[in-house]
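As structure tokens, here come the structures.
The following pair of complexes shares a single chain, chain A, combined with chain B in the former and chain C in the latter.
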Partner chain A sequence: MSTRLNNLVDVTEDIAREHGLTDDEYKMIVGHLGRTPNMTELGVFSVMWSEHCSYKSSRKWLKKLPTEGPQVIQGPGENAGVIDIGDGDTAIFKMESHNHPSFIEPYQGAATGVGGIMRDVFTMGARPVANLNALRFGEPSHPKTRHLVAGVVSGIGGYGNCIGVPTVGGEVNFDASYNGNILVNAMCVGTARADKIFYAAATGIGSPVVYVGAKTGRDGIHGATMASAEFDDASQEKRPTVQVGDPFTEKLLLEACQELMASDAIIGIQDMGAAGLTSSSVEMADKGGVGIFIDLDKVPCRETAMSGYEMLLSESQERMLMVLKPGREAEAEKIFHRWGLDFAVIGELTDGHRMVVHHQGEEIADMPLTHLADGAPEYDRPHVATPKRPEFDASNVTHPAIADSLKSLMGNSEIASRRWIWEQYDSMVMGDTLVGPGGDAALVRVHGTQKALAMSTDVTPRYCFADPIEGGKQAVAEAYRNISATGATPLAITNCLNFGNPERPEIMGQFVGCLDGMGQACLALDFPVVSGNVSLYNETNGTGILPTPAIGGVGVIADYNNAIGSGFTQADAHVFVIGASHGALGCSLYQRHVLQDEAIVAPPAVDLQAERAHGEFVRATIAAGAVSAAHDVSDGGLLVALSEMAMRHGIGVSSQQQGDSAYWFGEDQGRYIVQVSADQLAGFTTAAQAAGVNVNEIGKTGGDELTIDATLTISIAELTRINQDWFPDLMSGKTA
Partner chain B sequence: MKATINITLKSGVLDPQGKAIENALGQLNFSGVNSVRQGKLIEIDLSETDAAKAEASLTAMCEQLLANTVIENYDIQLDKSE
Partner chain C sequence: MQAAVIVFPGSNCDRDVAVCLEAATGTPPLMAWHGDASLPDCDLIVLPGGFSYGDYLRCGSMAANSPIMREVVAQAHKGAAVLGICNGFQILTECGLLPGVLMQNTGLNFVCRDTRLTVSNAQNAFTHLYQQDEEIIIPVAHNEGNYFADESTLASLQEHQQIAFTYGAGDNPNGASLDIAGITDKSGKILGMMPHPERRAEAALGGEDGKRLFTGIVESLA
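Showing the complex of A and B:
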């Protein structure tokens, strides 16, 4: 391919097609330029107009999401979202996909995903304080799954541990639809002072454009285009585009940026992520309404004889682009050299709103910025709504004994302990982690204050597949619940929207439906979207993944001493269920994995008013000290949630509640299980009555067994063993 | 039959370890080091005596385990002197 990567080759429609551009898009480019683009210009247009950079299929629908609220300082459109957490502090966060690179080279793909999302956060002035990861793999028995799990997990751990940012949470699902297209969604949360936030917009004609960080090589050329293409068997051949990350360089870059940010020398700053120098320079200049001139001879290169095309499209890691105030270059250069990083003035801002690039003394590109960024095509793709599914038919179902069902679920791929994964992550580095992996939401102290951030990633793809609208609502509602269960107030979300090929109307229908549901939930719960990422074309040989709109929620609690955990902490306390239990088995893990029933039926409905009321009630009773442990009820229903609360600290629970399998394993939404100590009982029930919230006492804590009268008795030790063994057994090959 | 396998990063793939060695050499005042790339060397003793079969077997080992062929090249040297 390298012979083609220069301007000596005349661009044809065939070459445009190879760059992933449709014939119509190519005609538009010719129209905008008033001439045939050269190879470099075609490369730049193709990445800027790729789905990954332009959001051309999704923009129309993303605009409908609620993005505002008094807590929002910066919504979508910047490197990351910014929310106000009080006292002049902010939380800055975003989630992003690195699906395709992680499938091709799991270690480096996942590692550079973590590195990339951290740069998005610290480019805004924040210090990263926590990482989370939402992962989706193929069936456990699929021959590639173990290799991919092992590589992705060690890649995440390798990068996060080396740079010294704790990995505090996330989620993992296994499903056959991800066999050929895993999902690796990395989320990073940082904190900054409200008066020290940096944006991408570049202003001031004549201001120097500065390149800092690592040198440029031929890494990942056309990564953004690859992320927007379906996999087929030939995609193995696209492998050389994989980037390699260097967390130690990123650590230097982080510290150098923080040091320069303490001054007022920076006008705008943007990390070089997908489509590298191209997208960072286009976005900075376009947001500032100016033009940009770049001289590629000034770009620090790792390899010799790189063409302009390659330099512009390289996705080498650990690089940033900045616009400085004129005259501040020497001061900035000194800082970056002290940290052992490259620093080069590679251009300047110009008037005229064009991007002009020189290489070896020649002009190799001259393009209007308007058409590269916001002027990219926007498609209103045809979409058909997912058909309404029938309700789960409980007649003719033979239910196994409840004890057997529970054991089967506790050792199931979706519920089994993820300890094998998070043991490989440093979740405590930086010294502010209060609750790490394994609870509902992670809690990380805002350094030097009494405040703590609560964060969680959530989505239930099987619900989204069966009913995108309810599934979209549920993903947001579950993040809200997980944060509320710690006592923290949910503030805002980021998202990572993973779907199949948007050119298929049924897939586009899933996307539209999920966003509809998410939007309704965000509005009803005052939980706006402040950042996000879309990953489409997650398909292999024409089969799409389950729709997976991963939600990353962030909340805050004013005093971390008032936060609570998800496990029982004392004997003889009362155990209540908040919210009504109707026994919704549709799309439940019980239906899929115990009954082995693959029928696509309606998932549990989400009552957003009840979600909000229950969340507010839980937070209020935690704040009042009435509730001393809380856990949301999700996958596997009540009995799984009870088991998880008991296993956390090895404190048992006994119940006189009589219920059938639907009662114990139904996945009705909007529910929590809470622990109320005897001396708080009266206050709790009075509060419930006053709030009009449905609470139902189901048992008492104590002992070392899970007991339900006349139904089952299982020791917590046995439950724990079943729950803990699955993952190590899988990874050592015992179960495969 | 003994074999030596050299595994190196493909040209153009970033080599953070090589870069660290390069920096360390500079800090120890070794001048004139233009660049460093590092890799690994694996020695294997096989009971196979047929060179062609040994090479086929070693190639399979490299493809499946020893090299990460996404980012690494491998080079097999057979010692046929025995």
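Showing the complex of A and C:
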């Protein structure tokens, strides 16, 4: 193909189609230009108008999400969202998908996903302080699963460990719908002083446009277009469009950028992510309301004879585009050269709001910026709502013994310990990780302060599939709950919306439904969206994934000494459930994995008022010192949550509570289990009455067993063994 | 006393260890750049963890040949104390200040977790605040921490009490010979270790077992 990627080829409608443009879109481009585009211009338009860059199917619905609040400094539309965390400090964060590349080449796909999201965050002036991820793989028994898990985990670790940013949390699900289309969503959180935030907008006619970082090669050309198409069996042939990451160069780029950002030389800065030099230059100039001239002969290349088309569309990693104040080039160049990085003035800002590109002394493109940046058509794709599902029918169910069900769940793919994964991530580098992987939310101290950020990634795709609205609500609510359980106040979310082919009305209906639910939850919980990413066309051979709107929540606690963990910490403490337990088994792990019932029924309903009230109550009682451990109740219900709290520090629990399988394994929402020491009991129950919150004492801590009177006794050691063995057994080929 | 932390491109625990040194000495250490050909006289030089030069070649081998390392080696020979943590340990073996090599973990994966260590020699300049054979917990985070040396070198390390730390029984994360987690030179003033004491020098981070290493060396040099 590469011999064709230059202006010697005349553009036809067939070539436009090969670039993923519809005939109508191509006609629009011809209209905007007033002529037939040349090959370079077609390439640029095709990536800027790809689903990945233009959000053309999703924009209409994204606009409806709540994005404002007093805590929001920068909402969606920049490289990352920015929130106020007090004292002049900010948290800057975003989550992004790297699904398609990770399926084709798991190590590099995942690694460059992590590298890309970190650049989005440090482009804005932040120092990245935490990485998280949300991963979805096919069935454990699928022949590709182990290979993909091993490669993705290794790639995430390989990049994050080297650059020296701790990977502190994440979530993993396995489901057959991801067999041919795994999801790799990477989230990065950074911190910056509020007066040192950098934006993309480029201003000042004549200001120099500067390229820094690694050299440009042919890797990743049309990665954004690939991410905007369905997979088929021939997708492996797209391996060359997967970028190759170099975390060492990114570390140098991070340090060099931080050093330059300490001065006031930068006007605007933007990383070269999807669609590389093209999207970065278009976005910077468009946001600043100026034009841009680029001379490709100045671009540092690591391959010879690259055409202008290839240079503009390359997705080589670890590169940044900056606009500097005129006259500050020399001081910036000195910094980048000290770090051994390329630095080149490749153009300047112009008036006229056009993008003009020269190569080998000739003009090879001249395009109107407005149409490149925002000109892609916004589609209102047909959508049909997911039908209402029947309630779970418990009438003819034979329940196994509760002890057997518990053991089965603790060793289940969805609940088994993820230690095998997170021990491959450096979770402690930077010396501020207070709570790493394995808890409800990770806690990372804001360096040199008493504050800590609480972070969690959450979504339950099987709920979203059964009922997109309730599933969308639940994803946001679970992130809210996980953060609240540490004592931190939830502040804002980022999201990564992974769906199938939006051209199918039922898929579009899932998208619309999930966003509806998410929006309701964000509003009710005062938990706005500040950044995000959409990944559509997650299908292989026409089979879509479960709708997976992954949520990355961020909160803050003013004094980390007041934060608590999710495990029991003492014997003879009282154990309470906050929130009502009705025994909701619909779409529960119990239904799927213990009863082996695949019927699509209604998932648990989310009462957003109760969520908020319970979250506020948990945070208040933690702050008052009444609650000394808290864990949200999610997958697997009460008994799994109790087991997890006991396993954390090996402290058992005994309960006199009488309940059936639905009680112990139901997944009613809005619930927490908390530990209240004897001397705090009166204060806790009084506070619950005052707040009107449903609390129910279910047992006492102590011993080294989980005991439910007349129902079961299991040693914590055995639960731990069952829970810990599954992943290593899978990866060593012993199971599945 | 003058302490310095060498910053290689790709070092990523330089700030973490500087925090511990400042806590132990009361003043921030000198941060010395890899490309510098000179280094002020130092009492203690720290080679921090990370991925120096990306570690795309054998870990630590590029760093061992950087300009600053000629100075580090020269000062070590004049009696300066040197501490190499993780990648720093790899650099110390690569530049010949410590014997042996660090191979890839036998599990073939990067491993980051707490490990139980035994203080095998509590007599040297770094470890004297620990009890002999005391069990402590310090985390590791590495892909190449599998200490290897030939039989005679291992015998010599044992004979001269150069094994400072060993992994607790059943807790060897990387397959290291003799469960070695850290060794010194014969003088006991050059220490290389895979575990990260700077990550456990504060109660909020899970414990303070690593703190005595820093206060210990500072006391020794005072």
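Quick notes on this structure:
Basically, the second predicted complex is superposed on the first by the 736 of 736 C-alpha atoms of A that agree within 3 Å, B and C clash if a C-alpha of one lies under 4 Å from a C-alpha of the other, contacts with A are read in each partner's own complex, and residues count from 1 in each chain.
One rule holds for everything that comes next: a contact is a pair of C-beta atoms (placed from the backbone, for glycine too) under 8 Å apart; a residue touches a chain by one contact, two chains touch by 3 or more.
Not measured: the values here are computed from a predicted model.
Touch criterion met: A:445 reaches chain C, while chain B stays clear of it.
Contacts of A:560 after superposition on the shared chain: chain C is touched, whereas chain B is not. When the shared chain is aligned, chain B comes close enough to touch A:218, but chain C does not. In the superposition on chain A, A:340 contacts both chain B and chain C. Shared-chain residue A:434: touches chain C; no touch with chain B. With both structures placed on the common chain, the touch criterion links A:251 to chain C but leaves chain B unconnected.
Touch criterion met: A:105 reaches chain B, while chain C stays clear of it.
In the superposed model, A:157 lies in contact with chain C only, and not with chain B.
Once the two complexes are overlaid on the shared chain, A:73 sits clear of chain B and of chain C alike. Shared contact residues on chain A (touching chain B in one structure, chain C in the other): 246, 248-249, 340.
Interface residues of chain C, counted against chain A in their complex, comprise 9-10, 12-13, 15-16, 19, 49-51, 53-56, 109-113, 139, 141, 143, 196, 198-199, 202, 204-205. Across the complex, chain A is touched by residues 10, 12-16, 19-20, 23, 68, 70-71 of chain B. Taken in their complex, chain A has these residues touching chain B: 104-105, 108, 214, 217-219, 239-240, 242-244, 246, 248-249, 302-303, 316-317, 340.
The residues of chain A lying in touch with chain C in their complex are 154, 157-158, 161-164, 246-249, 251-252, 339-340, 422-434, 445, 560-561.
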